[in-house]
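Handing you a structure now.
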């Protein structure tokens, strides 16, 4: 699925009390770049005032040496995001920074609120104006309510009103906050670097800056970091109607997170290996070699190979130069467009029975084209193995899957898909098998995109509660 | 003074009912480029939704052919601005566009509010958040008050609460507004182009697009343009404490506006010629030639030459390639920095008694260096003539003069300035002489920067009313 | 004609023995920017090796602070050029630098050779390869002939073989050369800045860097500047068939050079004023005002006004923001395209009999459109006065006039042109009148574009000598 | 070694008779991007004239959609190159195109001549001028010799005079040439795409454009492709003193070429797997896991794992966003600089005995830092295995290894290196073992960088023949 370009959602980072706060934040964002390639921003605080630079592009493009003179101070937060095509990109870039009655505040958000439209309508009815489509702007409007006496109270009270997925980093003049929704849908980790505290979506950011992982921010927790140290709130505790059920996004393990990260109490690479082992148990194949679709299928393919005893082979070569700068000629045939990214090695696959391991199938076209490439390179049999169950439902929590209409598995049976892909066999990992690959209780994960069971109410466009999978118009990421 | 780079403030443009609204707006902004070189923006409406593109740079840099596909619709407003160095430039670029309870609205502002801080504090106390330092954001917060029933009511009521200078263009889904403060401090004109109505800071924008000038928007008027045609409100009529005295910025005539524009019921070029005539009457000189400091002193020099009978000569050549791209080497001497812009022609001035006509003296250093250049080129006598009175007070209405401390005339007598500049004589035009150059009653102009008499109350940084000239921290332009 | 955009040809600069040679060269090129806006280059020598940076764009775009670290050394030459549309711009950018048997050499050329094709064919026949279409490459091939014993001998001998217009700056590891063709078609001046010697196309470059003008390089002179000082060669002296007749391009005075420059022993601005005086004598008019087409007609208009007693007025305003960044919408009408550059002031011209002074008419369309603008602004009568004779013949010496077919005066009588332009009267300055405006003997100027009399043989495309005006394919500028 | 950034040399591509020649060339260069990331160029022929676009940057940066309108014609060649830091990059970009007596010619070169200085001196002695430091310019000077009667004769005769490594693509108005030096040091392949013939450094370029591989251009062969079809010359046949010994660069297999390419009659990926098998035989280890240094060590690690039975594991994660845009803060510690590229997965290596497989060690610092990372991640034992012998001698054939002084293996024994790296054991593959990994006779490979035995004479800087390994100043790549 790596090849189908499911847009990554967002990554957040924060640091408190470091003389090079903005520079360290840049490094942290660089490590989180895979979570958002379209825009990046850093907001720093010098104790009195917040300073902000953001722009379109990769971290290395948005910031240069000169940037850091304009980002003074010992505290900072940062954000990388992917951006829906056609949207007013710059306006919707984060962190989102404002001034209000109690001072300055900036916020970076990973996730998606499901009651965004309702909240917005309510706020507007009281005179609020909105300059963007971002959920972070909603958060700030809620926080700015005059009744609260401090940034802290505003933040703690506000999160009670929002529903959905959110891992937040929030910066004020003198405080750094880390917030995670009660379901813990998106990851957020707490670390320490000398005398500084750091927050990051994934631990790979800690590795790069050589910070020590302390623990994950807990679902439903608001972590406050300031001069006095670190303290926690659990604003939803005892709130009626809140199931408080932990429901972490399993697809972070399957696809999004970096394999060297630790999230949801497991190393991602190891989970993927175990997905491969499980897959080999559930869907064995008589084959000569196992090849991954790089890079997303690499770990699962290794697991499959080990479990099955079928030798691993690198039958596809990925071209890493592909990027926003190279646009394939519009006249180029479809197969060239696929090959620009992946090229099969004939010498590896010719005459062989091949197991191909990938992380997922979304629309099916990309997978089909890769099968064609392998056939063209002489593969005798092709057995496709997918390290998660079929995708049948949309995600309302920040992942931009195509609509149900376009999801092949929502519309076709496994056998139809097998025929469509023209493979000799096709095996999806079972829901149970997938959940078994982590060390956590199965009930601690959100599997909505596979099962249609959503951990929160979801709303239709008229803001009416609906049973499930009609997608709300998302306002953020 | 052209050489001292007083930042121009802003220019606004609007058009209603034209199939190429955004393109025409681009042309209009191009004609108004002298009013703001740092940033430009266009917001268009397709009847349902507003579309916005803005960025740093000249009009020709911010927009390209592709821009206009992303600015659909028959109505549009545009803005050019200069931007305080170091400010978060992109955030403060206009038009400022938001969504609120009654729909979408975008606003472009030329001027400066003097009660911005008070309004902001009040709004924040009720939960408003501010993402920028722009007055246009204050306007929108006021307009968004839930009590009003329409965009129109919101706009009409809001302008009653603001104090200061504002010429506004406002765009909603289906309406275009032109607003001018009760003092008429900044210009705003209404025109017609076929079936379309247009608004612009200066008529030179109408000339370029071949629109017909109808009239100036009147001080205190809110013009509403929509499907039903054009109608007017005068929200301040009868408001207590409003002197309603017309008080147009005389410095628009002296320096800011383009000489081919008609504003405040006069052609700017003709006014400048008359300033020159008046100057020659008040401060005659025995001299061989009259030379302008190009381009700002050109018209006044012509008037001086005609009145005095002393031949005009072009003794300075201006290099028009100078711009943001050419940075003079830091090692370069001061005289090189002046010469990069202006070079004297030795053959024109050598051995001559020279009258030099410029529009103003601010700090005095630039003028002094030019005098040196002329001496170096062999001028025998130098008689400096300035086509306005000495600048002694700050402007709170959108012009970024240096602080009183830096204004040479606020701190030194004319005779001291003469010595400082090392000229043989120095003559400033009198206040009366300056006002006599227009066809309007003298009382219709704001002369605060020359006289210290402000047409509105002005506030200090603690938001306390103060008698006069302590400058408030400006929030907009 | 300023409005018709006759491409300027080129400007050259050189400096010997200055610790900031490249930076001073940048300043010099900036002053010469009007001679070439499309590309710029600087080559410096550190005594051992030459260093080169060149690129497309204005001087301020091609070089930045970092450039000068990569241009070390005490000697440098620079070049600005205009570039024929569509040509491989970068390849043809100068200075042209090579290594050959006697070391390294770089050359900057202003002018055009008329025997370029013949020389090229001869050189190729002996095995030379050509990487560009530039004449400077031909020069270097000639210089590299093995027979010569030094750079100096190579240069002195080579110029004997070329025919046409050339003002050259040449840099070797330890020497700077200035070369001017025997006709002196293009200007080249020698100056001194402290202990450094400088060369420049025009003296305005000396003014900016505060160098002292010494003298012009003489027609036919090769100036050598090195450790031993300055010495001269006159390679053509006594050569058979060389008329040695000075024949300087009169159009430099009429249009190309900057008015503050001194070239061909006269100040350009003064010559233009005298052209205006002469024009008023030859073609008086009954009129109310004289207005220049800015900026090219400004000085001549002043002269016309003084001579005729008709008051000068600034009836056209030029928009200096126009540049490569602003592209007028293709849908825009023709009159908008003209107005984007120049706008008439109705209040100045309405109801008036107007004399319009411009430097030349090439195709006639631009002039016609300006006449329309004036009529639209209410001018009662329009009397067009041109400060040179009609253009009837192409230039083979570096000015890119349109072909004879497109030159309106080569195909129509003055009376037909008058009707085409729809003016009430039209007056071109006479050849004699034009020549009388300088202080030099009339015979010292090339007037080929007006008279068809070329100071050198000119060749057709088959490299056959031809009587006159069939244009050779030019290879340089 | 991937981490030590040995600059790749160059890649070449050519196509004859395709309506989209330039676009296909762009695709071909994109597939060859790993051979040169610093600059790219395409030259096309429309039958009459050659057209050229080249520039700094990746293929996707140098060319855009508009480029192809300026590259018309059915034939084209292309080139990607890496460029020595600080060199006048643009000047040395290829293809190199010139005009000479027999028409136009463009050349793209992969390799390095060892008698470049001698040839250059000879050519200069006869009057040649050199605008660049590229070997391709030397080729063209040789070809342009007047004695030859055609492009073809010039090319065939010229290659007899050069000594060294060269795989060339040459384009004339109506012909495409592919040339490979008699030793076959660099690869060059011939393919067919419909009615078109194609040439490419590696077959991965054929895969992308869906061309069929025909055969490799043979060592010493000149392939001429034109209207009449394909024909061959072997210019060196029978030449005295030419050993004609095939001597292909073994390091193409070890490191440079893409694993999906077929060069020198073998698939690169398979060769690398066999290097790993061989390595496991020669240097077994008692260990728990085998991990590659991605991506350069991946295939050899797989081979090692298979041969040894020790499980493969992906213990390092590579960040592919690293590129020219991201510059690590100068303040960052050394370990951060290494981690920015590679991050170890603690969960994979902690407490394990680890075999690390990489392709080579050059200076040793990068390897040392990676060892530190693994120790930091908890590895118990580290056994480093290198899939080639120690590098002890410079390459004169186009690979920019550091000087002998900097090559760790040229100065230290294996046991010293082991201590320096702080590994528990270190094993380099033997020369014989390396050569055994291909299917070709061992004598068919150049192993100079490992053995110091050069297949050609090599010259010192005074152009004297020298026994071996004093490096000539290279002039090309």
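Here are some notes:
Lettered A, B, C and D in written order, each chain numbered from 1.
The criterion applied here is as follows: a residue touches a chain if its C-beta (ideal position, glycine included) is under 8 Å from a C-beta of that chain, and two chains touch if they have at least 3 such contacts.
A quick note: this is a predicted structure, and the numbers were derived from the prediction, not measured.
Comparing mean CA positions across the assembly, the chain most remote from chain A is C. Averaging C-alpha coordinates per chain places the centre of chain B 38 Å away from that of chain C. If each chain is reduced to the centroid of its CA atoms, chain A and chain C end up 61 Å from each other. Centre-to-centre separation of chain C and chain D, using mean CA positions: 48 Å. Multi-chain contact residues, meaning those touching two or more other chains, do not occur anywhere in chain C.
Interchain contacts (touch definition given at top) occur between A-B, A-D, B-C, C-D. Against chain A, in their complex, chain B makes its touches with residues 52, 88, 90-91, 96-101, 121, 124-131, 140-141, 144-146. Within the complex formed with chain D, the chain A residues making contact are 20, 23, 26-27, 30-31, 33-34, 58-61, 64-65, 204, 207-210, 258-260, 262, 267, 269-270, 298-299, 302, 306, 311-314, 317, 319-321, 323, 325-329, 331-333, 335-336, 339-340, 343-348.
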